[in-house]
Structure formats: C-alpha cells, structure tokens
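The two complexes that follow have subunit A in common; it is paired with subunit B in the first and with subunit C in the second.
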Partner chain A sequence: MTITLQTIIFALLSVVVLGSALFVVTTRNLFHAALMLILSFFGVAGLYVLLESGFFAVAQVLVYIGAISILFIFAVMLTRGMVAMPRVNAQAQLAALVSVLLFVVIVVIVNPTALSIKVLPGASERVLGGIPWQFTTVTTITDSYIKQFGASLVDGSAYLLPFLLAAVLLDIALAGAVQVARERRPAEVLAERELMAAEAAEEQQREQALDTAPETVLAADHH
Partner chain B sequence: MEQGILNGIPLHFFLIVAAGLFCIGLYGVLGRKNAIAMLMGVELMLNAVNINLIAFWRYVRPETPAALAFVAFVFVVAAAEAAVGLALIISVYRNTKSVDPEKLDQMKF
Partner chain C sequence: MDLLNIINNLLKIIGDWIYGLVHGLVGNLLVTDLITMGLAAIILCTFAALSFMGLTYAERKIVARIQDRIGPNQAGPFGLLVPIADGIKMFTKEDTTPTAADRWVYNIAPLVIATAALTAYAVLPLAPGVVGTNLNVGVVFTIAIGSGSVVAILMAGWGSNNKYALLGAFRTVAQLIGYEVPMLLNLIPVVLIAGSLSLVDIVNVQSTLNGSPGIPFVLYFPVSALIFLISGIAETARSPFDLLEAESEIVAGFHVEYSGMKFALFFLGEYVNALAVSFMFATLFLGGYNGPIFPPYVWLLIKAAAVFTILMWLRGTLPRIRVDQMHTMNWKFFVPISALNLIILLLVAKIFQPGNAAMPWVTPGVQAMATAITTLIPFLAGLSIASRRLRSQRDAAEALAETRRAANRAAVTTSMGGAH
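Here is the complex of A and B:
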C-alpha cells in the first residue's frame, strides 16, 4: 500500500471521527459530549467527501449538525440538573466487552489479513457474497449519479412510496414531538389532576364495594 | 490503475472505521446512565451505517442509486427519532426531575 494524500486525509478524518466519538461516550459533562458529537459528524461528512458523495456531505452538515445536534444541545440545557449524574450504569463493563468483541468480529470478517490470517496465494481479491472486498481501484463517476438518485425518488417503480412514507413520518414525528414536549398551562394541568383524582376516588369506592360485598353475602349465609 | 480521489484507500478501511464508530455507539447505548447520552450513541450508530452504505455504493455499485436512497431514508428516520426521543426525555424530566432510564419503571408489572 502506498501512502498518498488521500490516505493521509482518510487517516486524519478517521482519528477525528473515532476520537470524538470515544469522547462522546466517555465524558461526564453532557454539554461537552454534544459538542464532540458535532465534531464527529463533521468527520463523517469529510469521509462522504472522500467517497465523492458531496450531496450527502452537505446533507450531513445540514441535517445532523444543523438540526439534530442543536436538538441535543437544547435537551442537555433543558435537563440542566442532570449534568452531574453518574456517567455509566451497572452493566457498563459488560457493554464495553460486548462492543470490543463485536468490533473484533467485524474486523476479522472484513479484513482477514488484519490479524495475519493467511490468504490463499494468488487470491488478491477475496470475493465474499459477490463483493470483492479488498480492491483499491474504482470506476470514476460523473455528476449524473445525483440526477439518477433524484429521479429514482419520484419514480413509481423505484422509491416513490418510501419517499412519500418518509414525508408522512416526518410530519407525524413533528406533531408528536410538539404534543409530547409541550408545556401545558397550569389550568389545564389542574383540570387533569382533578379528573384523575375523581377517577381514583371512584375506583376506590368500587373496590370498597367489591370488598364488602362478599363479606355481607358470607355474613348473610352465616346467620 | 485509475487515479480517482480514492486512490490508495481500499474498501475495508472505510468498513473498519464504520465498525469502530458503530461499536463506540453501541457502548454508548448500553453503558451510559443518561438517556440523552444513550440517544447520542444511537446517532453514532446510524452514522456508521451511513458510512458503510456510501462506501459500498462508491466501490461496488456506483451506477445504481439504491444505497443513496437508503442513506436518505436513514437521515429522515434519524431526524424523526431524535425529535421524538428528545421530546419524550424532556417530558419525562419535567414530570419526574430525572433522565435516568433505570428509574422509569412505573410501567413494570
């Protein structure tokens, strides 16, 4: 493998992505975690640029960094009292073990030479599931890929239905998020509490009636 | 050998970085005590999936837009999930003054 400018950029981006992701899952301060999450998203956008997929790099910046990260920062700020809570739960060590094991398994599957497992001589391209995993040359692509992608989203025989469902999903998520997180007015909350108290009292009366009813029957039998 | 922008980077490099990101996110989901931190882990995992999809698209099937459509839908689902999930966490925090998922056992039978 030769060192090219692209491999150096790739290594830098990988360090940024993985390093900031590790910081996100280990830091105690959630606000710092949210900021490092943004850095990680930027690194992933850089990887998209490296993969010649500029459209998704821009979408990554707009959707993940522009919208989702801001949501996270708002949520961290609105739950300000929870910044000092313990970092990990009781199963954290087991979780770390499972994660590391999964990573090792994936690395072995993806690249057997990483753990110096011998590949058969002459097998420069391992073909697994029809995919040659280790090739480095790729065909050049033109800008028409984004045209094809856009056309396939509105093509009835391709992705029109998922596209429409995605729109419906976003609408429902918007309405649901507003409904769930809405700050209710005190009068509304009071009315709801009164209703719940009345229901509870009614339930209690019914239970009492059920409790006493068999006793009266038994008492009547006894006499 | 073609001189593309990807010159010198084999496919499995991207796959290994994506696997690392996925496993870090998995640890975040399973091991963190704060519900917001758990959602951050989910976002990292979704990003890892997107890296895999785009890497396979670029190296294996650059002529078909299937992977790109999947990536777009992952974006949509991630946005919806973050909005609803954080709204739920804020609502729970307002009612119980806690974002610890282990304390949310009111529905335990």
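Here is the complex of A and C:
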C-alpha cells in the first residue's frame, strides 16, 4: 500500500471517528456520550468530504447532527440519573456478536481488487514532503452528480420504490408523533381518568385480597 | 477604463497577487493552496469579528434614534470608541465558572458557537471569482452549519448546571429547529430557478439567465423572501424572537452563567449570525454582488447593510413575542403557507418557463411576474384569514374576561348589600 496525503487524512479522521465512538460506549455520562456521538458524525462527514462527495457530507451534518443528535440530547436530558449510567446492559453480548458479524460481512463484501488505484493526472504537482495528494479511480466529480442523484430518486428503474417507502415511513412517524403529543379532548381526558380510576380500584381490591389471604390461612391453622 | 477594471476586480487582483507571491516563495501547489486558503480564512474571520464591533455600535446608535434617545456619545467622538471600551471591559471581567458546571462542556460551548457562526462565511461569494470555497452545495452548507450553534446552545444550557440556562436552551432548540422548516422550504424555489445549489451560480443566474438579463429573486418570490427573512431573524434569535434570553421569564437564558470573554463569544456568535443571514438574504434574493456603477463588493456590502438595518429597525420597534405566539406563527402559518407556496411555484414556474416554443412571449420577466402574483394572492388571503381569526379569538377572550369582571362586581355588591 502506498501512502498518500489522502490516506493520512483518512487515518486521522478514522482516529477521530473511532475514538469518539469508543468514548460514546464507555462513558457513564449520557450527555457526554451524545456530544461525542456528534463528534463521531462530524468525522464521518469529513470522510465524505475526503471522497469528494460534498452533498452527502452536508446531508450528514444536516440530518445526523442537526436533527438526530439534537433529538438524542433532548431525550437524554429528560432521562433521570444520566451521569452514572451502567456501562453495559443485558443485551451487551448479543450486540457485540451482531457488530462482529456486520464487520465480517463488510470486509467480505468490499472487494479490494475493485479499487484499482491509478495516479490522477496532475497529481504529481500536488505534493507535500514527497507524498502526493491522491491516487484515485475517480477522476471527475462535477456539479451534475447532485442532479443525477436527484433524478435517480424519481426514476422508476432506479430508486423510486425505496424513496417512496422512506417517504411513507416518515409520514407514518409524523402522524404517530402528532397522535402521541396531541392535546386530549375533555371527553377523552374524562374517559382516561375513569379507566385509570377503575384500574386503581382493581389494584386496591387485589391488594386487599392479598392482605387478607394470609389471615385466612392463619385462621385455618388455628382451627 | 483600466482603472475602473482594477477597482471592480480589486479583491480578485489582490488574491491572485498573494497566490502568485506565495507560489513563487514556496514553489509547491499544495502548500500554496494551504497557505492562501489559511490566509483567506483568517481574513474572513477577522472581517466578521471586526464587523461585530461596528455592528454593535451601529445598532446602539440606530436603535437609540428609533426610540428617540441619543445612544452612546461619551467615549470618543460620537461615542465611536464604545466597542473598544466594551472589549476592554469584557477582557478585564472575572472569568467565572460555576462549581457544579460540567467543565469541558461549559468551556467549549462558546468556541463551538463562534466557530459555527464564522464558518458560514466560507461559501459567501464576495465578488466575481472571490469566494472562500465554491461548494456545489453552498446553500445546504449554510443551513447545515447552523445546526452547530444549536448544539452549542444545548452544551451551554446543560454545562452551566442552572435551571434557567437549561430552560433557555430547550426554548432555543425548539425555536431554531422549528424555524429551520420554513427557511428550507423557501430556499427550494431559489434553487429550482437557479438550477444549482451553489451560491456562486445563484448569484450569476440573477445577473444573466439564459442570455437575457437576470432578475433578483425577490421579484420572483416576494413571499418566500419575506418568510425567509422572518425565519432568518428567528434562527438568529434576535428581537422580537429573543425568547431564549427573555430576562423577565428565564433571567438570561442559556448564557446566564457566562461572563467575560466567554459571554462576549456568545454575543459575537449572535451578531455574526445575524450578519450572515443579511449576507445570505442579499445573495439569495437581492442579486448578491450584482449592480451598476459601484464595484461588486461594495454592492454586496450595501445590500447586506440594508437588510441588517431592517433587523435593527425590527429590534427597535417590536416588543418580544410570547412563546406560544412564536410557535403558532411558525407551525400554523409559515409552514403551511410555505408548502402551499412551493406547490404553486412549481406549477407556475413550469408553465411559464422561458424558451417554450408554444409561448414565445414568455421571458424571465413574465415568469417572475406570474410566480410573484400567484404566490402573493394565497399569502395575503392566508394573512387576512389568520388575522381575522386571531382578532375574533381575542375579542372572545376579552368578552369572557368582561363578563367575569361583571360577575365579580355583582358578587361584591351583593355581599356588601348583605352586610348592611
């Protein structure tokens, strides 16, 4: 393997991504974990930039940092006892197994011979300390790739179906969120209260039954 | 003519000269790129930070005039030295950290907010050929980088370990995320007509569109421009949307525990963000650096200053709105009207597309008129419906209060009568 500046930057970004990811799973402070997750996402955006895919880098920042992480932080802030969480839970071993399997699958799928490396024309001019900027298979990425990406989302022979499915999924999630968060009508509130009162009464009866049960047993012993 | 050319392209000529100078000294393209880009970044950040000083002074003076006051007039001639006095004061203040603070998070938050605010200038085209970096996704970049300030505000709110700071942070995030929606929805028409996400292309399209003279997008999309501007003010959390620091409700919001230079960084973030929104509005809707007679960079400054003056004007005249009013305005008015707006724009802009053989009379001007008129009508209708509904709600609330007061008075008089 030949070292290029791109691989050096890749290594640095990988250290950031993996290091912060490791911090996420080892820290006991949930808020710190969420912040480090943001750093990890940011590193992944950097990897996209290194691949000369600006749109996905920006989308990564917009969606993962701007929306998902903020949601995480909100959820975390509403959690009690968030500064001393246990490091592992009951599913830790299963999760580890799945992660290892996923890693193996990725290693098998990515075919290193497909990534044949050739020197970019003009690459010899961009040298720092004797190390060239890049060897790459991709020679030109122009503005039109965003257009191609957009067109493929609405192309029946490309990604129309996944795109529509994602849209339906998001719509369902949105409707669900509205249903969960919506203000209850007075009648509904009353009905809910009655239901709760009924449940509470049932609970009380059961407790009473439990309380009285030993006495009857005792009484039976006495006889 | 030659002199005129030099003046018009001054920034580009200086840039090329520095690039050539560094290249001559270093003799390596990559190192030259690194050095010149670093220099450009330093100059842009310094410009933004210096403009912060000027803006605080201008805002104090102008808001004072609007409110029939004089404003700063003691330090130096016309109070011009006030920003410097402020800076010295900020430097000499004690740098406090609450004992129960989450130290790392608390200390990094101001840096994150200042960085996020300054990064937006990287994609701003200042003059033809003068842009930090011509990203082909510049528009989305500016929006995405704004989420950095949301994270910073949450960090400040949590790290301070103060309930008012946390409440302020929650409020802010709800506000910023909410107003991102209409902002993005109203960026789409601009991107569609320009056919590109790059800010440079968007500016060029407003100068020449398919060979004919271009039209500033504010004439194409007056409604989108208005909603974008209002959402922009809400995104920078300036008055009348400064609910995150509503003193009467949550002391000073997320930065209540900050002092000295850390507080100054939050302040800088606010102003730099507001200026970035002004620049963005000037670039997206007012034609950027295009304009007659003056050099391009002067035009951009004039336009951005005009937009910033509107922000100051609003700050000087409008009272702070309530939290529920702010969210109602966004989710029940801006978002639906923006969505409707977008659908109408898509249809009308497609029907009146210039270059259609069946309708040779359609020029960009006709297209602009068609989109402007067809979007203004539903917007004005929605505005009148909303204002009528709000008025009737207010009247009903007032009538209820009046009957309650009357009932109270009656009760008081009967009880007094009983006592006699």
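The definition used in the following text is that the second predicted complex is superposed on the first by the 119 of 223 C-alpha atoms of A that agree within 3 Å, B and C clash if a C-alpha of one lies under 4 Å from a C-alpha of the other, contacts with A are read in each partner's own complex, and residues count from 1 in each chain.
Here, a contact is a pair of C-beta atoms (placed from the backbone, for glycine too) under 8 Å apart; a residue touches a chain by one contact, two chains touch by 3 or more.
Just so it is clear, the structure is predicted and the values come from calculations on it, not from any experiment.
Trainee: Looking at A:66 after the superposition, I want to know if it touches subunit B, subunit C, both of them or none. Which is it: first, second, both, neither?
Mentor: Touch partner of A:66: subunit C, not subunit B.
Trainee: Could you tell me if A:74 is touching subunit B, subunit C, both of them or neither one (first, second, both, neither)?
Mentor: Both subunit B and subunit C are touched by A:74.
Trainee: More subunit A residues touched by subunit B or by subunit C?
Mentor: Touching more residues of subunit A than the other partner does is B.
Trainee: Would you sort A:205 into first (subunit B), second (subunit C), both or neither based on which partner it touches?
Mentor: Neither partner.
Trainee: After superposition on the shared chain, which partner residues are touched by A:95: those of subunit B (first), subunit C (second), both, or neither?
Mentor: first
Trainee: Looking at A:38, would you say it contacts subunit B, subunit C, both, or neither? Reply first, second, both or neither.
Mentor: In the superposed model, A:38 contacts subunit C only, not subunit B.
Trainee: Does the superposition put A:54 against subunit B (first), subunit C (second), both, or neither?
Mentor: In the superposition, A:54 contacts subunit C only.
Trainee: Once the two structures are superposed, pull the subunit A residues common to the subunit B and subunit C interfaces.
Mentor: Dual-contact residues (subunit A): 55, 59, 67, 74, 133.
Trainee: Under the definition above, what is the set of subunit C residues touching subunit A in their complex?
Mentor: 28-31, 33, 102, 104-105, 135-137, 140-141, 143-148, 150-151, 154-155, 158, 166, 170, 173, 177, 180, 196-198
Trainee: Sort out for me which residues of subunit A touch subunit C in the complex.
Mentor: Where subunit A meets subunit C, its residues are 5, 31-32, 35, 38, 54-55, 58-59, 61-62, 65-67, 69-70, 73-74, 77, 125-128, 133, 143, 146.
Trainee: Taking the touch rule as given, give the residues of subunit B at its contact with subunit A in the complex, in rising order.
Mentor: Residues 1-2, 4-17, 19-28, 30-34, 36-37, 39-41, 43-44, 47, 50-51, 54-60, 62-65, 68-69, 71-73, 75-84, 86-91, 93-94, 97-100, 102 of subunit B touch subunit A in their complex.
Trainee: Residue numbers of subunit A touching subunit B in their complex, please.
Mentor: By the definition above, subunit A touches subunit B via 1-4, 6-7, 10, 14, 17-18, 21-22, 24-25, 30, 33-34, 37, 40-41, 44, 47-48, 50-53, 55-56, 59-60, 63-64, 67-68, 71-72, 74-76, 78-79, 81-82, 85-89, 91-92, 94-96, 98-100, 102-103, 106-107, 110-111, 114, 131, 133-141, 145, 148-149, 152-153, 158-159, 162, 166, 169-170, 172-174, 176-178, 180-181, 183.
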